[in-house]
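You will see subunit A twice below: alongside subunit B first, and alongside subunit C after that.
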Partner chain A sequence: MKKKKTSTLLLFFIVLVSGLLFACSNGNDNGDGSVELRFIAANHPWTEAIEPLLPEFEKETGIKVKFEKYFEDQLTQKLTTEFTAGSTSIDLFMMRPLQEGKLFNLNGWVADISSYTDDADWEYGDFTDPSVNSLKADDVLFGIPIVTEREILYYRKDIFEENNIEVPKTVEELMNVAKLLNDPANDFYGFVARGQSAAAVTQFSSFLYGFGGDFFVDGKATLDTPEAIEAFQFYGDMLREYGPPGVLNMSWPQAAGLFGQGKAAMYTDADSIYPNLTDPEKSVVGDKVGFTLFPAGPNGQTPYNVTSWGLAVNSKSENKDEAMEFIKWATSKEVVAKLQDNGVPGPRQSVWDNQQGTDTFPSELVDVINQANAIGREYDRPLVIKVNDARDIIGTVIVAAIQGEDVEAAAKAANKQFQELLDDEK
Partner chain B sequence: MGMWIERHLKFIFLFPSIIFVLLMIAYPIGYTFYLSFFEWSMSSLQPPEWVFFDNFKALLFDDPRFWPAFFRTFYFTALALVFQTVLGVAIAILFNRKFRGNQLVKTLFLLPMVATPVAVGLVWLLIFEPSIGFANQFLNSLGINPQLWIASPEQALPSIALVDTWQWTPMITLITLAGLSSIPSEYYEAAAVDGANSWQNFWKVTFPLLLPTIFSAVLLRVIDAIKQFDLIYAMTRGGPGFSTETLNIYGFVNGFQYFKLGYTSAILVLFFMIVLGISSIIMILRKKTEVTL
Partner chain C sequence: MRKAKRLTYFNYVLIILVTLIFIFPFIWMLIASFKTQAQIMSTDTALFFQPTFDNYRSVFGEHNFLTYIINSFIVAFVSTVFGLILGLPAAYAIAKYKQQKLGFVILIARIIPGISFMIPWFIIFTKLNLTDSYTALVLSHMLVGLPFIIWIMIPSFEGLPAELEDAARVDGCTLQGAFVKVLLPLVMPGIITSSLMSFILSWNNFMFALVLSGEKTKTLPIAIFNFMSYSEINWGALMAAAVIITFPIIIISLFVQRYIISGVTAGAVKG
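== the complex of A and B ==
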């Protein structure tokens, strides 16, 4: 009797251990030979818009797609950890080309897919140049753009009309209008934008370019050039003098929220967040929002025009062809048109030129996007490997400027640190 | 086989927990120490490179963010702890008296402790909102100017310490209450015979006998407050600027945003030493205050 008990215990252990082992070794192949792709995606309107279309793809090709969704920071962590461990189970994934493209490419985590581009039906040439360039390194193509965005100026049409004010076309006019409309006593502010250190860097970039500055040129950090300092000073002054209290803690959700609550006259940020400002559920100023091109600086009009998300294939995936099959489908003209119809600004020029692809966008916004597509710069943050470090370094100058501290000293200190980072990466 | 299992049954039952401790506690700590001697960033394909004490040197002498984070950690801990201890002990002494609804108040008072720090942080984020938040409306009704709270680099850390105090004062109270109930009533009777007033009762009897308990409570809270992460991360992520970046947050940023694993390990090793040192000091102090009954 006693013996029986102990052998039951033993059996229990064996079952437990073998169960664990089996759980670790689930393959990608389904029993019937069809392929299931493991797709690591972001929580993003793009993902939400494509999921309902998925059955079409699965029916057409017989390939199954399994989604895993994460918020963007967790997504980066998830991918980095799995790739470092040499994971082969991820087949394709969403990524932010400007944030992690360089790192992923350098580490060899993304497959070169340039050999797939000659498919005539897919028409690779239709993607706008800036949108593809951020997913290229030399001759290697390591991703396909899916979401693009540009920095634009949002403004309150009703208030501009009431006060008989022209929409600002230069940064100088921007400051004058902000000054005029700023009314802190009544909790209304002339201007709002991101003030949270690292988050602000991307939205500051268009100002930086407009003043004639850049993050670095030919491997030399240029955060302390007179142009850059002027840009930092301007951005800081705008937010300190005419911005809301607490702007130092504002990334886009807070800034967009404030504008959506009718507490600011103007707001610069990415065009892709416009639904947050026009959706009556999130905003009380929905029909009063105006869109215009990002104002020109002393050095001209250069808003960023970037690929915020792309699709890439894991270089170690065993189902690369099937993964590409999915990417081609998801970035085909028809699907991009449908996604864009859901408010996801895509990378295809033909869709922007087409009535159907822009129907749901406010027509003013389509004009602005088309103009910005032509003049925009392809990056909104320094194109380095350690983007997060770099953003934190640059963010310190933005914070100093907003607080009214010595911008030049902060810029000099940041420039030194940034140069060290650049030297490290060589 | 059966006999063997029979004879070693006690080890077999212990086995899972030993494996757990080795795998989940001892190994990670050891590996962190080991890693702290390497330069290893995920942003390169190179394997970890042995650099001996370079990470520590860079941290202590070259890193503009390390020392501020170090002092912030202590500033935050001291701030939170002073208020929590004074308030916690005072409230415990109050609750120790008999009054109507005593049990109900005690239970209600413990509620903040049960809440998830991240949820607490998010709620206080709304309370601290400078233009529409409750905190400023409250100040307003008292005729005090609105404050920036966590949006100001100077006020951010004290504001978070305030939330920490709100959440964890009950824990000090709880432990102190347990300590109070363990003081034998004979001492008070003896004091009464000697004609002690209530003031003397407190300072000569209650307080000395309570001190070891208070030290235990403080020890637990010091360790918790020093490694406070959830609240800070949920409320400010170390901002505005770096003004709420404590050592723990700095470690997280280095590890999971910059992917500098060796460097992060060095931060955590130093952090580990600091916590160890402080706990030992408090333990020694506690031993000294212990009264043999």
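== the complex of A and C ==
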């Protein structure tokens, strides 16, 4: 009796599970033998701009592309999980070379695509140097840049004109102007930038380079060099004395929001967020925003100039050639020009030189970008595996500086921690 | 008498005050969903502004939220139903035969952090060719809901006198018949509480859905990130989507609220 009951239940369970499996299983087979690429993409204006162009590619090559889109942090999580599990179903994906490039490369998740660069029609040499360097490790190319960005200085043209002030060219002038225009009594501030610890690191980097510092040199952490301390001190002073209250909680959405509400005279951040400041739906100062090159520090003018997004091929993909076919199409001169026409700053110099590819950008911004393309560093954060940990460590010094604490002590403590992180990764 | 009345007014004022504080984020969310980006950021238009329905239009139009709602609903509903089918008899057996150890083993599934299941599951479901299918999502969400259902139902079943089942058996019911016809109706409050919670847990589940779902089976918590991108956060549409996600749960909760309360306390006092 008892045995019978058990077997009945077991049978019931088997039927239940197999029914579930049968009813819902679905394959990825197309049935007609054509290749379908699985493309894991980010929620990004680039993705939105390329989607309408896809039918062209599919018609030209007969290769189908299936998009999956995620917000950047989820994208990393999804990719990491699938790659750890050895997934072969992903063919190509978007990634942030500076944030996860090193990790992906060391884990062997990205395919070496150096051999594809000699295609003359594609003209690989046209990509700007900083943009390609972000995706190289020991001369091995593991990705193709699609979106680039530089740190620039946004300012309020109307306020500068009213007060008859020149646009600052050096950090010293930047501080003087901020001091002059700062008017907290009327809820107006001289300067705003990111103050939220880890988020601020990338936008602080241009200041760091300008003062002659760096995150690390030859495996040695250099956060407590006199140059670095001076840079931390300067950034902290700027935001403490001439910045808005609550700046410690500001990443770019808050800082850009404040500038967009007309409550700050100057703002340093990536050029890629400019639509947030110029679009009348999002900003009340749309037509009054000026753009200029990031001011020079005592050690020269070295804003970051990075590839924020690149395309890479899964090293385990069975359709590498087709995936490269897509990448070549998506980064061809014609397509990059069309994407740039939609406001996505691309990696090709020829497109920046061309009237057609820059029409939608404010002309001042195009000048600034063209100048910045010639200079700049190809990284805006330390290129390590545990980028987030490193950013947290460096962020503590930025926070200490903004709060007016002892910067040197904070820098020394952070430097020690950062050195440990670097040693661990060797 | 008068004093008592005054106290009541005072209580009402306090209640309203506390309620206002608690529902403030919700009200902000509701208001923000009718604003443009610039209006959300500005303090001048905090309360008085020209409402816009563009956010909702964008949520249902461009972003196709109806699909995600249907996906979420299917997964939450099916995983709850299967959770009940397996969980109710399990809880009854544990309560009746005092299998505390078994109960504890089931609880372990909830103690282990969910993230540690993700990679093994992904491998298994890939081999079975089940990624981006409802099956994978339903099974994974049952891991969250099932232990919950069992653990809420154990005290409910313990609260029932054993004589009830005996009486049913004497009157000619089979064991299964007694369970379905006599015992289940008596623990209805518990069933409603646990299935509602299981439904909500699944409805809000993010982690499992992120890895196991794809473009076809994307659920609401994943889809809400559609409004956040690298250099832009569409606050208005984000808030509209949040309202849409919260709304069904609030309606259901209000509707079955009285059952929840009696469900949670059932078994607390044995008499």
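Here is the rule we go by: the second predicted complex is superposed on the first by the 397 of 426 C-alpha atoms of A that agree within 3 Å, B and C clash if a C-alpha of one lies under 4 Å from a C-alpha of the other, contacts with A are read in each partner's own complex, and residues count from 1 in each chain.
Just so it is clear, contacts are C-beta pairs under 8 Å (C-beta built on N, C-alpha and C of every residue); 3 or more make two chains touch, one makes a residue touch a chain.
Since this is a predicted model, take the numbers as computed values, not measurements.
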Touched partner set for A:283, first subunit B, second subunit C, both or neither: second
Subunit A residues touched by each partner, larger count belonging to subunit B or subunit C: C
Touched partner set for A:117, first subunit B, second subunit C, both or neither: neither
Contacts of A:176 with subunit B and subunit C, given as first, second, both or neither: neither
Partner chain(s) touched by A:246 [first = subunit B, second = subunit C, both, neither]: first
Touched partner set for A:342, first subunit B, second subunit C, both or neither: neither
Which superposed partner A:89 touches (first subunit B, second subunit C, both, neither): second
Contacts of A:77 with subunit B and subunit C, given as first, second, both or neither: both
Touching partner for A:350 - first (subunit B), second (subunit C), both, neither: neither
Contacts of A:103 with subunit B and subunit C, given as first, second, both or neither: first
Footprint overlap on subunit A, comparing subunit B with subunit C: 77, 84
Touch list for subunit B against partner subunit A, complex: 1-2, 5-6, 42-45, 64, 129-131, 146, 148-153, 236, 239-242, 253, 256-259
List of subunit A residues in touch with subunit B within their complex: 2-3, 6-7, 9-10, 73, 77, 80, 84, 103, 106-108, 187, 195-197, 244-249, 263, 385-386, 388-389, 392, 395-396, 399-400, 403, 413, 417
Subunit C - residues contacting subunit A, complex: 36-38, 41-42, 82, 85, 118-119, 122-123, 126, 128-135, 138-139, 210-211, 214-216, 222, 225-226, 228-233
Touch list for subunit A against partner subunit C, complex: 16, 20-21, 23-28, 42-45, 66-72, 74, 77-78, 81-82, 84-87, 89, 147, 252-253, 257, 260-261, 270, 272-273, 275-276, 280-284, 308-309
